[in-house]
Amino acid sequence: MFGMKRENHFNNINDIFLSEDEFVFDKLKEECGVFGIYNKNNLDSARLTYYALYALQHRGQESAGIAVNDGEKLLFHKDMGLVPEIFNEKILNSLKGKIAIGHVRYSTTGASSRENSQPMVIKYKSGQMAMAHNGNLVNAAKIREKLEEEGIIFQSTIDSEVILNLISRFRLSSNNIEEAIVKVMKEIKGAYSLVILTPNKLIGIRDPHGIRPLCIGHIDDSYILASETCALDAIGAEYIRDVNPGEIIVIEESGMTSIQMEVPGKSALCIFEHIYFARPDSYIDGASVHRARIEAGRRLAQEHPVEADLVFGVPDSGISAALGYSMESGIPYDLGLIKNRYIGRTFIQPEQGQRENGVRIKLNALKEAVDGKRVVMIDDSIVRGTTSKRLVQILRDAGAKEVHMRISSPPYIYPCFFGVDTSSRSQLIAAECSVEEIRKMTGADSLGYLSLEGLLKTPVGAKCGFCTGCFTGQYPMEVPENANKYSCG
Amino acid sequence: MFGMKRENHFNNINDIFLSEDEFVFDKLKEECGVFGIYNKNNLDSARLTYYALYALQHRGQESAGIAVNDGEKLLFHKDMGLVPEIFNEKILNSLKGKIAIGHVRYSTTGASSRENSQPMVIKYKSGQMAMAHNGNLVNAAKIREKLEEEGIIFQSTIDSEVILNLISRFRLSSNNIEEAIVKVMKEIKGAYSLVILTPNKLIGIRDPHGIRPLCIGHIDDSYILASETCALDAIGAEYIRDVNPGEIIVIEESGMTSIQMEVPGKSALCIFEHIYFARPDSYIDGASVHRARIEAGRRLAQEHPVEADLVFGVPDSGISAALGYSMESGIPYDLGLIKNRYIGRTFIQPEQGQRENGVRIKLNALKEAVDGKRVVMIDDSIVRGTTSKRLVQILRDAGAKEVHMRISSPPYIYPCFFGVDTSSRSQLIAAECSVEEIRKMTGADSLGYLSLEGLLKTPVGAKCGFCTGCFTGQYPMEVPENANKYSCG
Amino acid sequence: MFGMKRENHFNNINDIFLSEDEFVFDKLKEECGVFGIYNKNNLDSARLTYYALYALQHRGQESAGIAVNDGEKLLFHKDMGLVPEIFNEKILNSLKGKIAIGHVRYSTTGASSRENSQPMVIKYKSGQMAMAHNGNLVNAAKIREKLEEEGIIFQSTIDSEVILNLISRFRLSSNNIEEAIVKVMKEIKGAYSLVILTPNKLIGIRDPHGIRPLCIGHIDDSYILASETCALDAIGAEYIRDVNPGEIIVIEESGMTSIQMEVPGKSALCIFEHIYFARPDSYIDGASVHRARIEAGRRLAQEHPVEADLVFGVPDSGISAALGYSMESGIPYDLGLIKNRYIGRTFIQPEQGQRENGVRIKLNALKEAVDGKRVVMIDDSIVRGTTSKRLVQILRDAGAKEVHMRISSPPYIYPCFFGVDTSSRSQLIAAECSVEEIRKMTGADSLGYLSLEGLLKTPVGAKCGFCTGCFTGQYPMEVPENANKYSCG
Amino acid sequence: MFGMKRENHFNNINDIFLSEDEFVFDKLKEECGVFGIYNKNNLDSARLTYYALYALQHRGQESAGIAVNDGEKLLFHKDMGLVPEIFNEKILNSLKGKIAIGHVRYSTTGASSRENSQPMVIKYKSGQMAMAHNGNLVNAAKIREKLEEEGIIFQSTIDSEVILNLISRFRLSSNNIEEAIVKVMKEIKGAYSLVILTPNKLIGIRDPHGIRPLCIGHIDDSYILASETCALDAIGAEYIRDVNPGEIIVIEESGMTSIQMEVPGKSALCIFEHIYFARPDSYIDGASVHRARIEAGRRLAQEHPVEADLVFGVPDSGISAALGYSMESGIPYDLGLIKNRYIGRTFIQPEQGQRENGVRIKLNALKEAVDGKRVVMIDDSIVRGTTSKRLVQILRDAGAKEVHMRISSPPYIYPCFFGVDTSSRSQLIAAECSVEEIRKMTGADSLGYLSLEGLLKTPVGAKCGFCTGCFTGQYPMEVPENANKYSCG
């Protein structure tokens, strides 16, 4: 909810947003979250989806939507805003049905508009269908162009529209939708965790590299698909397993079946899910996010030890790693920064003269803890570095004698093409500056990044490989030049 | 604004609407209004469109939208609600550009949702395009099915999406968009007045029968297209002429050009534009709406004279005809009913016990005028007759000795397939009952409908023929069985 | 709803209002409307008040409120805006009780804020009490100062707070609230029609001059108080009689009783109630508003005849008088101007270059009627004259050969101190200019005002005298210098 | 923002709130926060107040307001809701002035309505005045009754109205407002931290027992008053000192002066400010809130040691104490519960069958941390115990082998009369049950409360005594029977 850039030129246009430069934390933009439920025994699926989207809200705060099959037709409601702003009791009550899918979105390419909100609902030859997508195709632009060559029109800039067009086409020559989906998966390249709602099926799909997470849960006789296990917990469901890379999960009245596509040798889950995106209480591909962050902190302490009096994390994402750093180093853990829990999307920006207080309104130093101390501040990553600089200053103002910054991931150097909005490479400070230059710029006494080798050992028990393209420039697949022209998830 | 049925299940769902049965005037649903401007000299086109849509608001109160070409891309804003609810200063200021189109909508088939609001904006091989539509295709369902057979997906239920798909396809084998449009016009059947926005052109199209109006205006060096001339007046523009049936008007930097398609022998303007839909200060195909209504009143007096003390019209649409009836009959004209100017869309329905006051809150008898009098009440049409019955009662309660009802059109018997929402034929009282039965049901002392012959003489000076299908069942073209399956404009 | 100035700096501050100078019709500001009901048989009083306030909405569009006694305590809801914007089904359902009062407000002194909305609800020694006020005290400032001398604090600028303070004080030395009210009425001077809600009584009060209207209705076993009879009609109630000047009406479980204060020799109903404020279907002190306006038109035709082809009224208030002018002169009545029914409070003002179209968006000439004609335009009054000038221009643009303006009241020269907002005298064009100068300024071919003598004969059957201070400067009572310092109702 | 009860019957009535019984955390209701600034050098005081209120938002989420003196008159804006919902750029820009005060409110007696929002702005003999109040008078009802005996009327149920009436009265016989305030302070009894805005002064007052906090800050040449020092930090101001119990601080153009009233021997700061209400980064009367909580955790470990694998705090208020418990006991600190950061005021309640998931949507167990472990859960207090029970269950579901509950304060047994809403004593579980009974009810394996002796040693360095009435029933002053009849702050 905080720190996001919103460019919805024509929706809620009155809201005054934070200046990205000065006030918003220069954080990576979360991508999207998806959810689906086939509820055999009652019609409350939209309500359960609502609670699940709450649990996934950290994955996207720009728009949200729910589509439900009421037995006759698809009903849906979606809009710009947070889940609790979009839905109310009356709307939920009007969305009755056994099968539902939901989506929360943060746009990954700045094209933020109501037209791009999801799920996308369409009518095609075989009836109605709704889809929610997390990820980003790298060949969407190419496919769109090809489709346009044949006269296809597009009403949004999201990948879902491309995928739905392909499903519709391939369905013509297929015996069923599963067959069509298999064909589509041979065409599209990139990151995609999809949930699809048809009149009688809930379908979940994970791309062959497994770049974005998607897990399976169940409660009573019903099955669930979700981006993270925390959404299962929110509705009291049990975590069964993750959808495998290249797997198609089909849930219908008779139960759950699976189609496994051929996949490349190794999977490539986005390592940033563990570093920053996912909630600490989630498990992805068998590994605990909290545990991974604790490990990152431990390894960071091994790789970049320092003599200090106190270690703390930048709330909220740096906390788990700070605990790990403390455990390993023996430096006491404490709170160093207090986060204001009420700063929201319509926060009015301080005027020029007061600009320096902007970050302080969001994060205040805990003077009692840091005064006269040598402190270690753990953050998950540095994007542009502007916030880091402010935080160092705030801590010094509060009396910190030394401020040692430790980052629980390697320098972020290369853009992501798989569902994370990293703007241009020129805005990534680590792409331009050395670690020492970054340290100087932020004013920290020392700065240490976790090594890639260290990082890769943090998702303890993970049954998957990882995409580390943002650190190495080595992506799990070839990335066309116009990979981010259209986008999202 | 009043008396409309709104079924937007998922937008503004909190609004409490009038029960159609008891409170809403059983009026025909207005269809849609379109507007377009190519403003050579400044970027204010969206603002002018805003004022024009105000003037066309009577043609649709369910949703509205404006699309504008800012020189680089299409910008648009559309939503559910009235024009002043949807736009504000900031939104208008963000819609800068020379060319703009706008739309006000009342759904003609009950499918009322944000997805169906217009203009529809798409991206296709040749770039971006926006379209606004007034009318209803009778072969849209057939074309959709054909397109679906080829894998096309649809995101709305409006005809515009069908037409845009066709333009996109035909554009592939055409040298320019005009050529594509010509081909499309050979495929689509029904009523359509279209305005299309491309990066450098404003295009206006009227179907070969000219069923829905579309006129051309100009101001300074700029050209304008509008459903009614009152929209030209609103922005100070001059009325040049109407778009001819089957004509394509292309406005670009170099000026205005025209392509005339071959048309059937006679045109067929919807006669209800004169009876009820259009504003009295508008001219359609050369005929004044006010004059046509005055004439209807005159002829009604000739066909159905009565001895009475006073004649009045049901506000607002019956007023012009009542003036005509008074002129012809010599019976003094006065106000018989006072309309509350503030009843809006969120009026809370009276509870059962007070239901009978519902109509009275909207229309109150002017006791001073009608007490002890024999009155003639002129209305434009009777749809279900429930309101007529209430009005007769209100007038009697106010002391009217006799209430003679005169209708300035023939009995409405057949459904419209060209852009008017007439529900099922079984709800049309004249389809089921004789005039005498209707009179009895409403409680009037006498009831007279204008004859079709009489009506056809009322649009004095009209340079067109008329569609009178709703009175005769004789439509200007063959109507397929599923003609209204998808719809609107 | 239209033509009003709104200065609510801190409520709905985003709304963009019309520039008074250019776009708002320079109309007198309506004052306020009050309503009260003691409903013996059910708890639906707030709902009935809601419908009644709809019928009184023309008396005030700035704020509205309803207070109800639920048997234990006073509940209330009030806010800025129109009645349908302020109340919804849930709010009405929460306002259950037998006794209710309501208020619609237009501020008469520019102090427009939520604090000033009514009814005002207080707690005092004898329990809770709510009051709604229409009118303006001329000695409120003096009383406030006296109360402040004793340490009293004020939270609003409305007279109700002064009156409630007085009631509370006098109640201390009185046996009942009626006795206290009698004492208060000896202290306060000016115009006041009040409805008061106590835990078990509904009280109605009209000032000794009867400057503002207040009538009594009944339905079944219940009694009603209302500013105008149209509010009685709206809920199906019967008009019994008007509250007499200086009368206190007390309605309780046992029925209605009356206390008559001594009054000055002659009453002085605001003549502008008949000219402009009241709805034509209302009766005030026994006279029909519609009839009075018809008579005004007739007498205007006698006093200022002209050779012309057509007469029409400026909608909506000029219509009745235009009918009268037509009847008397024999000049045909027709529509000359068409009013846009959708222009609302948030209409965005045209930019400088388009400013001249502002009035045209609200009122368009009916070219068909006026083209080539000599027309007589009837309006109820001229305040600043800016709109009159625009209308003459619009009519000439539409082809009117001659435009003769006739005003159904005398020149408005003096400010009102009794509940009408007339701004400063310098803004009243008739206070500065001769009739001929006004004619020249507006561009009309001729201009005629109804004489005061003529006007006073128009409320046929009125059982009251009239205040004509705005025409003569002769007020029914002495007016202190700071009469308008605090105000309203 | 979370877990609060809102009873605003007539504002935002559409919001659907949580059922207190099942879903809302049974937390003490925060009271109020006040702020004031005299900004000598610019007119930006309202904007700074806005940021300060953000920092104080945890003290009240029901309504907020800002009043400012623009040099001529008092301007203000207040409404129901959170600070960012109430204010926008336009409103802030319209509130220009050197002196401003602000207020955030949570109602302490359930009377939650717009009328009760603060600051309260009045006009009295000496001009305008605005006041914001944190606390609760115990003799307000008595004073109100006395004032009512003299005819005074009241429009709200808040103490501010009583105090303002007294100031106004005493001002009559005083030479200046300070003198009047001194007199008022001799009359009123209870808890009050007040900020008062007059045309040229900012005045801060703290009751003679110093029950509610109030501190002084400065920045450049300007002075500030605030409930907590975190509000000073938010605008970059320096913390000078706390207002002394019984001190009146007067800030004007010439600087700051102080009047010290005689006070009882020992002060009595509400100890719950340290336990729960204040932000950890605040200092009150010289003691750090974070430090006090750490100490409470330490002493809790000494008083109630347990063998366990992990200790954690219930977010957010239990975290500091959990750190202390960990430090003292050597049991590792970790996260045991993850709080959803997006659950807001309009969260839709789960239906009956899903009710048990209610708490889980807000707080999810961190399975990775607690699975198979013996855990110590630190909370600041237990009010009704319903949430504690759910949390124990959630932790067991996540695999916790043992759940030991430790409370960083003594059993809460007696109601508060000084600004905390504790409902009736019968809802306080500790008033009815023994510690062992509470343990059984919640299902915890052990339960330990911090002793009062231990607690009193936790605010290290505090220059004040404490009110511990809620634990002992011994209040710093006599409490009349109807002490909470009217209320707030």
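Couple of notes before you dig in:
We just call them A, B, C and D in the order they show up, numbering each chain from 1.
Keep this in mind: a contact is a pair of C-beta atoms (placed from the backbone, for glycine too) under 8 Å apart; a residue touches a chain by one contact, two chains touch by 3 or more.
Remember, predicted model here, so these are calculated numbers, not experimental data.
Between chain A and chain C, the least number of touch steps comes to 2.
The chain with its C-alpha centre at the largest distance from the centre of chain D is B. Note on chain placement: the centre of chain A and the centre of chain D lie 36 Å apart, centres being C-alpha means. With each centre defined as the average position of its C-alpha atoms, the distance from chain C to chain D rounds to 47 Å.
For chain C, residues touching at least two other chains, in rising order: 14, 88. Those residues of chain C that touch chain B in the complex are listed here as 1, 14, 16, 44, 47-48, 50-51, 54-55, 57-58, 61, 82-85, 87-89, 92, 230, 233-236, 279-281, 283, 288, 290-291, 316, 319-320, 323, 327, 332-335, 338, 340-348, 350-351, 353-354, 356-357, 360-361, 364-369. Contact residues on chain C toward chain D in their complex (touch as defined above): 9-10, 13-14, 75-77, 88, 90-91, 94, 114-115, 120-125, 148-155, 157, 164-165, 168-172.
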